[in-house]
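Below are two complexes that have chain A in common, paired first with chain B and then with chain C.
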Partner chain A sequence: MRKELPLAITFVVGLIVVLANFLAPQTFVKINNEVRTWFQLVSSLFCALGVANLTRIHGKKVSQQSEGWIFSVIMFIAMFGFMITALSVGQQSALYNNLYNNTIVPLNATMYSILMFYIASAAYRAFRVRSMEATLLLIAAAIVMLGKAPIGEVVLGKWVATWTNWILAVPNTAGMRGIQLGATLGGIAMALRVLLGIERAHFGGVGGE
Partner chain B sequence: MGLIKPGLIATFLLELAFGVAIVVLISRARTGRKVPAIRKVAGLDALDEAIGRATEMGATVHFSPGIGDVSNAQTLAAFAILTHVAKMCAKYDTRLIQTNRNNVVYSITEEVVKQAYVDSGKADAFNPDDVRFISEDQFGYASGVCGIMNREKVRANILIGAFWAESLIFAEVGAQVGSIQIAGTANTHQIPFFIAACDYALLGEEIYAASAYLSREPVLIGCLIAQDWGKMIGVILILVGAISVTAGSTWLNTLLNK
Partner chain C sequence: MQNVDRRIIYIILIVAVVYALIKPMGLPVTINKTTEDAYAAIDALQPGDVLVMGMDFSAGGIPELEPAGKAIFYQCMKKDVKIVMFGMWVMAGDMAERLLTEMAPLFPDKVYGTDYINIGYKAGGAVLLQKAVDDVVEAALNIDHRGNTLPGNFPIFDNFKSLKDAAFWVCLSTGNPGVPDWIKVVGDPLGIPGTIDVVSVSIPENMPFVDSGQIQGIIQGIRGSAEYELLVSRPGRAVAGMDAQSLAHVVILVFIALGNITYLMTRKK
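Entry: the complex of A and B
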């Protein structure tokens, strides 16, 4: 039963969700909405698992004073500080919003901004004349970068913008759509394998049984 | 009022046909009929090479299943690859650090890795502290993973699943620390970053083929054949549709929107 029960639950619930998307009768839609609500409730309980894991790992670091343990202390202050603030004054309060807007938002913006430098370093490493394909990539990337930057059109003329738009609209879109087609079918096949119990990696097993 | 929602009849019938094809091919595979060979997928072949490299250097393997939740098919595909990676790491006594952004995914990956170690006869070697939940925040997770890659001597970085803006952060930090990197996602907007920054990239459907490719189970390979059939039908519909619209007729468009 340890294997069969989760597989049966997966099949029944998955079937309800799929049928609710296609079938007109509202019964399936109502059941699906109920299932989604319960999924949100149950998955929110898993937050406790995440907090427990963080507490265990970082607590060990602090107690053993391992390298960088001070950052674990900061993590605890942030995690429990936000938790206590939200529970005591609410997530809509001015205090919580100030805390969030003055810590999380600028930190996220900082990490996002690092992408600018990483794009440059990745481009420097990737755009080399190593092979025919790499040379094509280099030429296309150079045209698109020049076409998208205002200075490109000023220095080189309108043709660079025309070629940029063509590269993005035709070969790039065609390639992405081809990958998307394959990926969508692959996703459907994966979902069917999970529904039918053929794919069992998420239960710690191997597929195909 | 019909049984199927208006506008979804064609989609429902196509998906039903696809599902039936998968079931039929799985049944054929189960009866022992010969299945075609799968083409070489360099990224999946490189998994063993990457883990071997980390083993030789006495370094760590890092695996991320992306930032999608458990209802994302890419995350499910990542579990299949994680099983293989965890078994290889258990076999070679290589440290595996597996990081997660989602709580539910964390609870599943912990079980997947633990079971892989048990199946490899190395239950005692499993360290629950090496399967970590980092943060639900996208860039909180990204910064946590970057820190781990720098501190824990990661020399094999495997990124399979649903990634968004943090994909290039992971790939570049992995390159900076000198890791061999294998990445795969079906998010088309992130594939170019993985191609540019990683040693091996799995494009779209290749991540869904991983369980069949790594296990070579005939039943799973049967599913891949059905996917290929689906793609052929898709290409035929695109060609027929393009020709008919060029000729001034939208009959296919009307039919598919019923």
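Entry: the complex of A and C
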């Protein structure tokens, strides 16, 4: 039953959701609405599960003083500090807002901004005219980079913006559409496999049949 | 020159960006048609219409998305269009609150709960949107980001019970869940027009939606935000960032060019 019960639940609930969306029989629609509410509640529970799991893993690191354990301590201070602050003084309090806006926001923004350096370094090393395809890629990248920054039009003229828009609207759209269609068809196939119990990796098994 | 130490590239980039921020060059920013289309679509809304703003981004997206979000808020408040803000991302409520903290004082006659409201983040991803299509307050679990009970005495919910009552939607997104979910759940099935404001790296994957007409224009990254700021006549951080972006792009292109020149010279030998 350990394997069969989750598979049966997956199949039944999945079938209800699919039928509620495509055929919309009233009973299934009502059950689907209830399932959605439960989905929201379970999603929230995942956060609690995440906190518990992080505490377990990093608690072990701290107790054993493994390599980098000091960062686990910092993680605990940050995680529980914010939780306790939010629960005690509220998310609208000046203390919480100051903490949030002066730590999480700049740190989050910094992590994203660091990408600029990696992209610059990667572009410098990767964009080499080794072949015809690589040359075309380089030319397209150069045109788009100049077209997206105002300096391109100022120095080279309006044609740079025109070509940039053409590259994004025509070859890029064509390629992305193909990729998205393929990815969607793959997603449908995977969903069918999960629904029918062929794919069981998410149950902790290894791969499917 | 083929293998310049990456730290040299980093230092030159930092110097270029900081220089441009300290001594702006004032490069002119032309308006792209896709940004104009997005602006025109929102400008066509009537007083009393409800625009739903999906704040589906985190702090990393602030430089690129927040300026356009503020400009859209400004445009809507000027036109007496109501705004309902919520999102599928954890930071949605906080991002909306940041925007309101700066923009709401510009409109002292506009009232929270009457002209705009921040429902915040609710769990569920795309399921949140699906529930909001039936009942926004139920999807919001009867509470907004500020802890107020919904619908409470908030008049904004008098004529706005579900996403079906929205006249327009805008998705500000840095990733997944985001644009495809809005199009799949709100745009296509309900026929409600909308537009998107995405970070630069997401522009290519979202262009098919513009081409097919599933969205009305697209605000393309920080450049799009700068264009939108100019369209509402409120140049701000995005316009200020354009010079820095220009110099950064030039630096990267110079290094690519130098690397290729030395590569070709080495190949000839």
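Going forward, the second predicted complex is superposed on the first by the 188 of 209 C-alpha atoms of A that agree within 3 Å, B and C clash if a C-alpha of one lies under 4 Å from a C-alpha of the other, contacts with A are read in each partner's own complex, and residues count from 1 in each chain.
Following the convention adopted for this analysis, contacts are C-beta pairs under 8 Å (C-beta built on N, C-alpha and C of every residue); 3 or more make two chains touch, one makes a residue touch a chain.
Values in this document were obtained by computation on a predicted structure and should not be read as measured data.
In the overlay built on the shared chain, the residue A:129 is in contact with chain C alone; chain B does not reach it. When the two structures are aligned on the shared chain, A:112 is found in touch with chain B and with chain C. With both structures placed on the common chain, the touch criterion links A:49 to chain B but leaves chain C unconnected.
When the two structures are aligned on the shared chain, A:180 is found in touch with chain B and with chain C. When both complexes are overlaid on chain A, the residue A:121 reaches chain B and chain C alike.
Touch criterion met: A:192 reaches chain B, while chain C stays clear of it.
When the two structures are aligned on the shared chain, A:104 is found in touch with chain B and with chain C.
Taken together, the two complexes place residues 43, 47, 104, 107-108, 111-112, 119, 121, 123, 125, 176, 180 of chain A in contact with chain B and also with chain C. Against chain A, the residues of chain B that register as touching in their complex are 1-6, 8, 11-12, 15, 18-19, 22-23, 26, 69-70, 73-74, 76-77, 79-80, 82-83, 103-104, 106-108, 111-112, 114-116, 129, 132-133, 136-140, 142-143, 151, 165-166, 168-169, 171-172, 175, 186, 188, 191, 193, 195-197, 203-205, 207-209, 211-212, 215, 217-220, 223-224, 226-227, 230-231, 234.
Within the complex formed with chain B, the residues of chain A that make contact are 21-25, 43, 46-47, 49-50, 53-54, 56-57, 60, 67-68, 104, 107-108, 111-112, 114-115, 118-119, 121-123, 125-126, 176, 179-183, 185-194, 196, 198-199, 201-209.
Listed in rising order, the residues of chain A touching chain C in the complex are 33, 36-37, 39-41, 43-44, 47, 90-92, 100-101, 104-109, 111-113, 116-117, 119-121, 123-125, 127-129, 138, 142, 145-146, 148-154, 158, 161, 165, 168-169, 172-173, 176-177, 180. Here chain C touches chain A in the complex through residues 3-4, 6, 9-10, 13, 27-30, 32-34, 58-63, 91, 94, 98, 122-125, 127-128, 130-131, 134, 138-139, 141, 145-147, 200, 203-205, 207-208, 210-211, 220-221, 223, 242-243, 245-253, 255-256, 259-260, 263-264, going by the rule given at the top.
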